[in-house]
């Protein structure tokens, strides 16, 4: 693809028709490209725009159409939504989400790295079967494992705590990440690790000082994915957490939605906006690493 | 004391793929030993077994008198320089150099001193605060060298450390490494070096001795001069020397070597040297050992191509369907008869005759050298 | 008719970074032109402009008489061989070779014939059904060559096609390519070649003419012999020749060259050649032009290192703090006095004197050759 | 004692209930922890908890769920055996609907029923009176369509509402609930059922309601979210009495929504009101302290502390004490609607009417009918067969 | 060396513990439950194969649901992948604001199951919604996106295609790792953009296409939120995907045993398809291996 240049990269315009034609083609193609980008981008972004707009609408206006500009903007939704119907403000729920996400993300990163390291760098009996199990776990609809799992956590006495949310992840329960990291590791050369071993590092030191830094980009994407998924996860906290003071935002967001009663949409939309914001910010900030991160992992499929 | 001994060393990959077939090799203390051979001949595998990066299937490795088969790499008193340097990409040069010492928990001051010392030797002080990706190939090479050096190991292992450099840099790093080895020896630390390469120029210029390998077997272990002048077999003969030795299939008939329609009378001197007179033989002549003559016993060949190399010319000629290469001085080449057919007379003193059946060099009586 | 002409060719990256500064070069029809120069001197950029892969900032490129500035690569009658071969990794060798023809919608029979023909020329018939990853470096190289060849283009463009091969393969591919060029020429198709390399051995042995570049400028365009014997300036002198020409800073005083404590009397013959007598001068002597002498005017130097290269030895010596390299025959080297100090006498006929201020070779009167 | 209580709800219910349990807790020296969420997911959570025997001591249960959690009266604590609950506050009917297999499993918190709301502003605009009978209703529909335009509708019925409308007209015609309590089988004959289904067809034909398909095409939007509703282009609906404000609030300025007495059928047997406990409070059989839970439940439902604070956050209470105490508080229109429900006649409604399996069968069949995959008679037979099948499990 | 065997297990330990405790038990108990009748409130009763018998012989809903699911998967996955690839190809150019666009295009995936989506989606696709308005300007009649059983599934498919972010990001990353000189070689060979895309780019992407294919297929087979939020499986069960069916059997009808049986059948189907994908991949996925070129 030789035409990755913007028309601004200088072509000395000669009087030749060919050059002019080429310039015109370049212009057309980048116009088309931008038009496409903006068009599709608008489709992608419209819901977000609408959501933000609607969060400033009054309740009755929300359902009057799909336009996004509020007629009489109000921040009532935010003010009331923040208060919530509980003794706690929404800030508390953000804090809870944070409390769930942080250990979970850290646990995921650590355990999945270890496990991926084991699969990618060591040989041991039953390796293939065990790796197969990583994928198999992805395939069973979790609706049917929910009750047995719940009973398990009940017997462990972990109900109404964050443990059921933390521990399985901290034990590399998220097969997707293991899978991703294994692929990534397989594409990394082993030389640095061998150099480290010659340098006197044991396998753990090699993992910590050499492999982890090189895994960096992939780990960033693991953390990002886990962050976003945990932020959005509704059913997990719903089932395991009973105390309102431990609710994360995903739960709090639906706290007052009773389909048999009237409820205030603009508050919910306002809080939805707040809930999405961290993920948006984080994604935008980490976008570069994110794409790099999957790059090596995705390459080998 | 860090000699390295390999005893009946074997390696089988995946229980089926035997790639090292019982190597026996003694590398003396302080010696610079080069392992050379074509790609895939198991040089790296051997080196990595010495390093402890690859399991030993059978046999023993003894370093400094101690059997190390079951020791981890870090306990073997070795340091290794990798082909692609294997610098830790996330650490600065300083961090790369000091990693081993930090792992070992040495005091800070000692580490700093060691880094400075090594950096000074390799002239990489200005680079200490750069990341590997900010280094050129040659610089990265020196850092990799420094990382080995700083451990002050008994044995240095190199796996094609120069193959990623361009020709000019390769030449200068070559000299640098041998200089360094000499200097360390002079300082009394007598480090043993096992150096893997597939480039025979490196092998010839760097090694105290060279071990030529093929397909997991050792073909010959000797000094560069011996290898060059007295290759033990066809393989070594063909492998060592630039351009390659000319190897011509033919037959011995009486005192003459017969190839196609031409006959080459071999001097009586050569006859004396032959340990046996094989029927099917291969004649080996180095390109440098031809002279352009206008008469007398010589091979007639057609000039196909001439490569101008400054003071010399590589003449590619066709002799009875064999490609013969000869190296002649530029002046000599210019002065040759205009004709496309040249007469090449080999120097009978340095001709080799190989038994075609087993490749042995039969012109070395009893293995003694035919040193020039 | 496919001569290639560059007229005031310029290239500026991102509107700021000017890397090609008005090149003028005529490559004749059927000529093998090598562009050589250190890394980053814009060889690739120039080649890619010829290929149409890079836009031209200013100037013109004319191929076969037609201005091609605005033609797409496929319309320029060119074929290109890339450094990393750029074989389509998912296509078999056959597919790689025939891709261009298939795209063009040629009849099947024609394609098959063309593939067979090219495969025969390059001896890659057995590889036709392999994937690129199943090829060795040399084989991949030949396939890449085949892909260019099959187009039967007017101009072949090569961008360091051999730099990923090991020394032995590089040498044999080198010969193969020049052979091929000669053969095509003999067949009457007279393909023009523009060949980029940073390896001067390649440049010297392959090129009909060589264009030496530095930092986007042309330093000299000449035949290999001219370049070797009559480098126009310091840059070319240092760049061409293995080992490098020894370049020694000093001053001209009367008829003598003064460096440190030593003086070297230059024969009257040289004096005659000098176009001017610069005060600050650089003396250029090729390593091959020293002889080991025991008396008479010579440079005294301390032997530091000797690299054994078969028939020759590279002596690295230290002369007044300058590193001097000389190449002497192995026999000559063996026979030298045991002492560490050697006396090196340069051949006055081939000495070069460069004006230190502008680097010009002042020992070529009027640019005429001092051919050996 | 330490107790837990779980419920679903919206804003006001959460606030009120938290206060109420605090007050009742203080009264009896218990601490009660509220566990509450929105409606979405509450069933999953409760189910999981029930399966894990970890449900809260006091549980708010949707009435139709009772047979699911307590098929044979053993799912929850038997409330009759617990001291501290004044059962005299409930009518026998209420207690019956809270029982399975004769065991009292849940206390009706409020009674709720479907009632007609009409947008009187729209009707006035069309110059028609609020209808009292179905005949008047069809007449009115015709007038509205003529006067105001074809995009005006006079009723809204999708899914559940359509189902309940059908139940309504069949009950009105036959006087029978769907399930015969004695046989535990469908009481209606196929013909009766077919007539009811046909009635829905007639509603569509006459343009009173939009067809199922049209509704689906718009994404099955809730009535109160429809701009047409807000603008008064849908003149009526058939909804739970307690949801009055949900439907009244979105109406555009100046429009009036009124609960209206049941429309009657010319030769109907009864008004056929669909009346049921909206939700019940149950006490966990796994509770460590069921007596304390009973005390609190009683406090919430029957004692002034609870009654005052909870108010009408769960609808007009079913408890007599609460009803008396709250007399005329609450929104007048909601009260009016509730009055209509309480006063109307009709047979006792079986919780099976809202059993998820049975409802699923009916709604699916009605959908097939609406999409003209089957006719009334086929639909009726399909429903009867399916429902009887489902009922068998509860024999 | 030899101790590596145990070392491997040491690093695997978290997974092994998790596997045994948190995964294997629920996994196997659901398998066990599939052979029982279990209403969640009383203990499961062993019924042998009867769940499976019913499933394969008498359950019309399962039949319908399975066929809907298969249609859904085989339409959504290719569409979504094609769309993701198309967008990734555009985003692969070095354009101004490209980072902004990359983020913007990922937004739908971040929004995930937000309730705003359901609301808005209904607006967009209702009879008089924006989509129909747009179509009308192109001169087409309004489409009944939700109400027509033949369209409703497609509407869900569109929703999913719209959330193409993660597949796109993976494609984008792969595109960026393609050696530019291959494009140059193709342009010298005379290939145009389209030809280059289909003959060079696409084959090189097969590993990630495969990765995405498997991941998306697994995801599509487990699709729940889309139909749950937007169509509730209707109309006429035209969007009643198996996970929805499993969910309703389990949590609405309290037939956990039966739900488990359906789930295991679904599991088997995905497993088989995944294996088929893996097996067939040998024929069409080109792996670069670790060698250059």
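Residue numbering begins at 1 within each chain, and the chains themselves are lettered A, B, C, D and E in the order written.
We adopt the following convention: contacts are C-beta pairs under 8 Å (C-beta built on N, C-alpha and C of every residue); 3 or more make two chains touch, one makes a residue touch a chain.
Chain labels with UniProt names: A, E = ABC transporter permease subunit; B, C = sn-glycerol-3-phosphate ABC transporter ATP-binding protein UgpC.
None of the values given here were measured: they were computed from a predicted structure.
The fewest steps needed to get from subunit A to subunit B, moving only between touching chains, is 1. Here the chain pair with the top count of touching C-beta pairs is A-E. Farthest from subunit C, judged by the mean position of CA atoms in each chain, is D. Rounded to whole angstrom units, the spacing between the C-alpha centres of subunit B and subunit E is 56. A separation of 17 Å divides the Cα centre of subunit A from that of subunit E. A straight line joining the Cα centres of subunit A and subunit D is 40 Å long.
Across the assembly, subunit E contributes residues 40, 184, 187, 206, 251, 288 that each touch 2 or more other chains. In subunit B, the residues that touch at least two other chains are 52, 72.
Residue positions 2, 65, 146-147, 234, 254, 257 of subunit A each touch two or more of the other chains. Interface residues of subunit E, counted against subunit D in their complex, comprise 39-42, 121-122, 125-128, 144-149, 152, 230-232, 234-237, 248, 251-254. Taken in their complex, subunit D has these residues touching subunit E: 43-44, 47, 50-51, 68-71, 75, 212-221, 356-357, 360, 364, 367-368, 371, 373.
Looking at the complex, you find that subunit B touches subunit A at residues 51-53, 72-74, 78-80, 82-84, 86-91, 99-100, 103-104, 147, 151. Put simply, subunit D touches subunit A in their complex at residues 4, 6, 8-15, 18, 33-41, 44-45, 48, 51-54, 56, 222, 224-227, 230, 240, 242-243, 245-246, 249-250, 252. Taken together, the subunit A residues at the contact with subunit E in this complex read 1-2, 4, 6, 30, 33-34, 36-37, 40-41, 43-48, 50-51, 54, 62, 65-66, 111, 114-115, 117-119, 122-125, 127, 130, 133-141, 143-149, 152, 167-168, 170-173, 176, 178, 183, 203, 207, 225, 228, 232, 234, 253-254, 257, 268-269, 272, 275-276, 279-280, 283-284, 287-288, 290-296, 298-301.
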